[in-house]
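Shared between the two complexes below is subunit A, which pairs with subunit B and subunit C, respectively.
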Partner chain A sequence: MKSIFLGIDVGSVSMNIVAIDDNAEVIFDLYTRTNGQPLEVIKKGLFQLRDVLPSTYKVAGVGTTGSGRQLAGVMVGADIVKNEITAHAMATTFFIPNARTIFEIGGQDSKLIILENGIVTDFAMNTVCAAGTGSFLDHQSERLGVPIEEFGDLALTAKRNVRIAGRCTVFAESDMIAKQQYGFSKPEIINGLCEALVRNYINNLGRGKRLQPPYVFQGGVAANKGIKAAFEREINDKVIVPKYYNVMGAVGVALLAREYIKETGYQSNFRGHEAVELDFEPSAFECSGCSNYCEVIKVEVNNKTVAMWGDRCGKWTNSIGQVG
Partner chain B sequence: MKISFPYMGTTILYKKLLEILGHEVIMPPRPTRKTFDLGVKYSPEFACFPLKVITGTYIEALEKGAEVLVTSGGHGPCRAGFYHEVHERVLKNIGYDNEIIVFDALKDNFFKVLSSFFKIKANNSFAKVKEAIKTVYKMSYSLDKLEKEVTKRRAYEVTKGEFTTAWRKIKELYDNKVFTSEDVEKVELEAYELLNSIKIKEIPEQEKIRIGIVGEIYVVMEPSVNMEIEETLNSLGVEVERSQYLSEWIEFTLVPSRYSKSHEYEILKKADKWLEIGIGGHAKQSVGFIVDFYDRGFDGIIQLMPFGCLPELVAQSIIPKMSNELGIPVLSLSIDEQIGNANVQTRLEAFLDLVKSIKFEKQNKSNIISLQDIINRNRIANRTKEGIL
Partner chain C sequence: MKIGIPRALLYYYYSPFWKTFFEELGIEMVISPKTSKAILDKGIKESVPEICVPIKIFNGHVVTLLEKDVDYVLIPRMVSIKKGEFFCPKFMGLPDIVRHSIPNAEDKILYPQIKTNSDNLAKATDILQLAEPLGLSYSELKSALKKAGKEWARFNKICKKGYLIPEANKLMQEKLVKAAPRSGDITIGLLGYVYNVYDEFVSMNVYKRLQDLNVNLVTFEMIRNKDINKYLKKMPKRLFWTFSNKLMGAGHYLNNNPGIDGIIHLSAFVCGPDSMLGQVLESETQKTKKPFMTVRVDEHTGENHLITRIEAFADMIRNSKKKRRWA
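Presenting the complex of A and B:
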């Protein structure tokens, strides 16, 4: 029986599952769009994994990350639940131990992580606005009628530079139309968008930070060669896109699960592929116990409450008692 | 005369002072979503978040029947000193014609303070006023001392929520049992007994993590507007101390500098190297407290500021240099009604991972210890706290 460790990254746009073996070799990776249905997609993903893996493998540890990490953690029975910044840094330092700067651009958030000797020393994350993230490009691709997958290659064919106002998704559109009137081609406009995204990213997140090579670029947007090229122009240096760039968060949390289980010797809490078929029903209610009016999240399976969180005082969290 | 006031920090102090002087106090409700909504609706859009929250608080207090509002003024280029003017106009526009009694700093406008003083003094003798002030002054020190204990010990509580409940009880104790300055000691003993009865986990000294919170006074002091950041950090297993406490504020702002034993003068001196002049608000204090927390061996700093707060933005721009030179990690969070809890939680968790890995690396000078090991050690400690079931 060989042990495998799962990492599940539930983000705003994609859900990724990665399985690594005892030697931290990636043996399965899956990148799917959530389409607003994270739970369904996790179920499907786990079945897909089961179909691919030989029966000699046993899931020895599971970790979850991303903005949906808590719910996903309850659903699969995670051993560790970790924020995506630490998870990404973990994966990057595993593959590229000397990395100093990580650009991570996902669907709705972007992160900049600064490392020193494999230790995170600083990070920044977008806060008030999603300009400079994958969703920005998604919207523009819809408007231009160019599939997002073709964006990068098209951008590379641009012959001239055009500057597009990319701070706001809405204003970017009017600027794009204006620039089209000036006679710029589609590839040039797309290239302009890529540069606007990078400019935003560096201005928002890189402010006051010293960026040093080697640079690593990951997250779903790293698939876009146009953005990679724009980054390289902006910082005037080579940018590395790792092999598993789009599932790095999941890889990181799988690595963390592996270390965690190895260190503690615990049995995994993993519910098994089949258990996931149970109907997990998350719901939220406003607690009226005090003036905090906390939004409490409750997860039920077969009308039995299995998890609660979101309350500040612990009244509901503690009401479940010690489980697992 | 039914009196109310802005809600900031341990509000029972203001209540106590007014009550001892025989005024009827209308307790402003603790700011909630509704308060923010009211404040945002009626305040100027580009005013800062504290002004908006206080607008909301005033409206709620007036709805509850308050007739007069008491607030502090202050000085310096930050707009906070001008809040009452804006509030008076905002309230007038919505149809409230109530008086706002302002206490500016004594050194700024002696006669105005004097006239405000006589309004609050009412028919009480000077001796009584003196005793009332003495009581509240002592109470503020006592409560702040206790609160520091709470935000320290709560990091290690065995049953989640015990310290928060105790802290609430302590405030009730002071409210119900303190009437003269002599009562303070007795009640304090009782409060300590309450805290000492709570079971805490034993953590080796070198594994304890201490975080200092600096920034603009209102968002630092009022938990309901900063998403209970102290409690959140405590629940992640770290000790917390703030830059601003009410007793400190009283000592620095209200007590004439000749008699003041405020710690803040020392803090301002510590800031000189990075920011020579006071630029308004609490920017210089924020900078000074970063140095102070560093000197006291804290492991990380969180800077809180209202979105768009100019003094704190200036401080924020100095921070990368300080952080680099002192070698202490700093996280800046800007707060307004738009802030999302999930985003803040993620950043706090990641920040604590960073703080811990830096701390443990320093202890392990061999540098063999990897990020994985460090994260894992913390994971084990935090396992139960993250709600994994």
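Presenting the complex of A and C:
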């Protein structure tokens, strides 16, 4: 029996699963859009994994990350539930040990991670606003009628530069419409958009930080060549997009699960591929116990409540026990 | 007679003072409940939209108290507790904000002016003006003030032994208080105004969450005045605001203390004084390479972002201390 370790990253836009073997080689990777149904896609993903893995493999550890890490953790029986920053940094330093700066742009948040000798020394995340993240690009691709997959290549064909205001997505959109009316072509508008996004990112997250090479660019948006080129122009240096750029969070948490299991010698809590067939029913209700009216999330399996969270006082959370 | 005390803004710093004061006078106190969504909503309704969330919360507490049929609500006009330093203008104008934005508040608020030269309000003699509305004598108030000052000093002393304010409040009954035990494996300085740090609603319980992550905390209340002032004396020009200066001095002390593994600045969105303070803390910590992070709080209640940030911050510190990454 060979051991494998799973990493599951449930983000706002995509759900990613990665399996690594004992030597930390990636043997399976999957990037899928959640389309608002994270649990369904986790199930499908795990089935896909089972279908491609030979039966000689055994899941020895599993970790979850991303904004849906808690729910996913309950569902699969995670051994380790980690925040995205730690997971991303782990994966990057595994592939590019001397990396100093990580640009990570996902569906609804963006992160900047600064490393020194493989250790995170500083990080920044976008605050309340989602300007300049993947969701915004998605929205614009729909509006322009250009599939998001073609966005980057098209940007590279721009002949002229056009400056689009990137501070706020609402303003960016009205600015784009105005520039279209001035007669700029679609590639030029898209290129302007890529530059605005990068400018906004560097100004917001990079403010006051010393960015040093090697630079690594990852997250779903790293597929966009236009953004990569805009980053290279902005910092005037080469930007590396790693092979598994769109599943780095999952790779990272798989590596963390591997380290955790190896050091502690624990048996994995993984519920198994079959358990995933159980019906996990997440639901939310407003607790009326006090005037906070917390939105409490409840997960049931076969009508039995297995996890609850979201309450400020812990009344519901503690009624079940530890989550994840 | 019933006096309402809003559980907001400087309540967290001065509650032992006012509690003792009114207890001594035999006046019943009604303290508003902990901040909740309902209280915040009431406050938002009675506030101008652009004002910071701590003031909105304060207004919500005042409305809640007025609904409870109290005779008066106490809203001290905080002007100064140190020579040459002031409070944020919203504190100086707080009684006026309330009078003009909350219906029927005008005749129901007591607003003694606090203009003194010490954190201890015992010598803020304007408080004696309350004798008339309270129907008591000057001398009765004077002795209550003295007792309140003593109790507050005791409270302040307990904080200095390493206790957070809620912990210090619990220890007020004890005769002898030992230095706070430290069981966490890392120590983080948590800098923020008391009404952000200790309001569990707005801070989304950040201090408890950090403690749950096995982190020891140091706040400005725990640091000796001598240590806070050391840095302030060296500054070419101080800030205008007392509590911002305290945080600045505390930040400098923590930044140069090898026992502190990192600093978190908890700040409310649109806070003017913090826009200065935050920048100074950021550039100072860059010089010493002390891990530093700003956590901004506002009306939103999305806890995910907060949890991700503080977890990652603690991970970062632990990982740089030892080689294990899943800590």
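Everything below uses one rule, namely that the second predicted complex is superposed on the first by the 304 of 324 C-alpha atoms of A that agree within 3 Å, B and C clash if a C-alpha of one lies under 4 Å from a C-alpha of the other, contacts with A are read in each partner's own complex, and residues count from 1 in each chain.
Convention: a contact is a pair of C-beta atoms (placed from the backbone, for glycine too) under 8 Å apart; a residue touches a chain by one contact, two chains touch by 3 or more.
Only a predicted model underlies this, so the values are computations on that prediction, with no experimental measurement involved.
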Room on subunit A for both subunit B and subunit C (clash or fit): clash
Contact breadth on subunit A, by residue count: subunit C or subunit B: B
First, second, both or neither for A:A307, with subunit B first and subunit C second: first
Touching partner for A:R100 - first (subunit B), second (subunit C), both, neither: neither
Contacts of A:A78 with subunit B and subunit C, given as first, second, both or neither: first
Touching partner for A:D122 - first (subunit B), second (subunit C), both, neither: both
Which superposed partner A:K43 touches (first subunit B, second subunit C, both, neither): neither
First (subunit B), second (subunit C), both or neither touched by A:K315: first
Subunit B versus subunit C as contact partner of A:K228, first or second or both or neither: neither
Doubly contacted subunit A residues - partners subunit C and subunit B: 67, 80, 82-86, 90, 109, 119-123, 125, 127-128, 208, 256, 259-260, 263, 291-293, 312
Subunit A-touching residues of subunit C, taken from the complex the two chains share: 33, 36-39, 200-201, 205, 269, 282-283, 286, 289, 291-293, 296, 298, 300, 304-305, 307-309, 311-312, 315-316, 319-320, 324-326
Subunit B partner contacts - residues on subunit A that touch it in the complex: 67, 70, 73-74, 78-86, 89-90, 93, 109, 117-123, 125, 127-128, 208-209, 255-256, 259-260, 263-264, 269, 291-293, 306-307, 309, 312-315, 317-318, 320, 323-324
Complex interface listing, subunit B residues touching subunit A: 29-30, 32-33, 159-161, 164-165, 224, 228, 231, 307, 317, 319-320, 323, 329, 334, 338, 342-343, 345-347, 349-351, 353-354, 357-358, 361, 367, 370-376, 379-380, 383, 386-389
Subunit C partner contacts - residues on subunit A that touch it in the complex: 67, 80, 82-86, 90, 109, 119-123, 125, 127-128, 208, 256-257, 259-260, 263, 290-293, 312
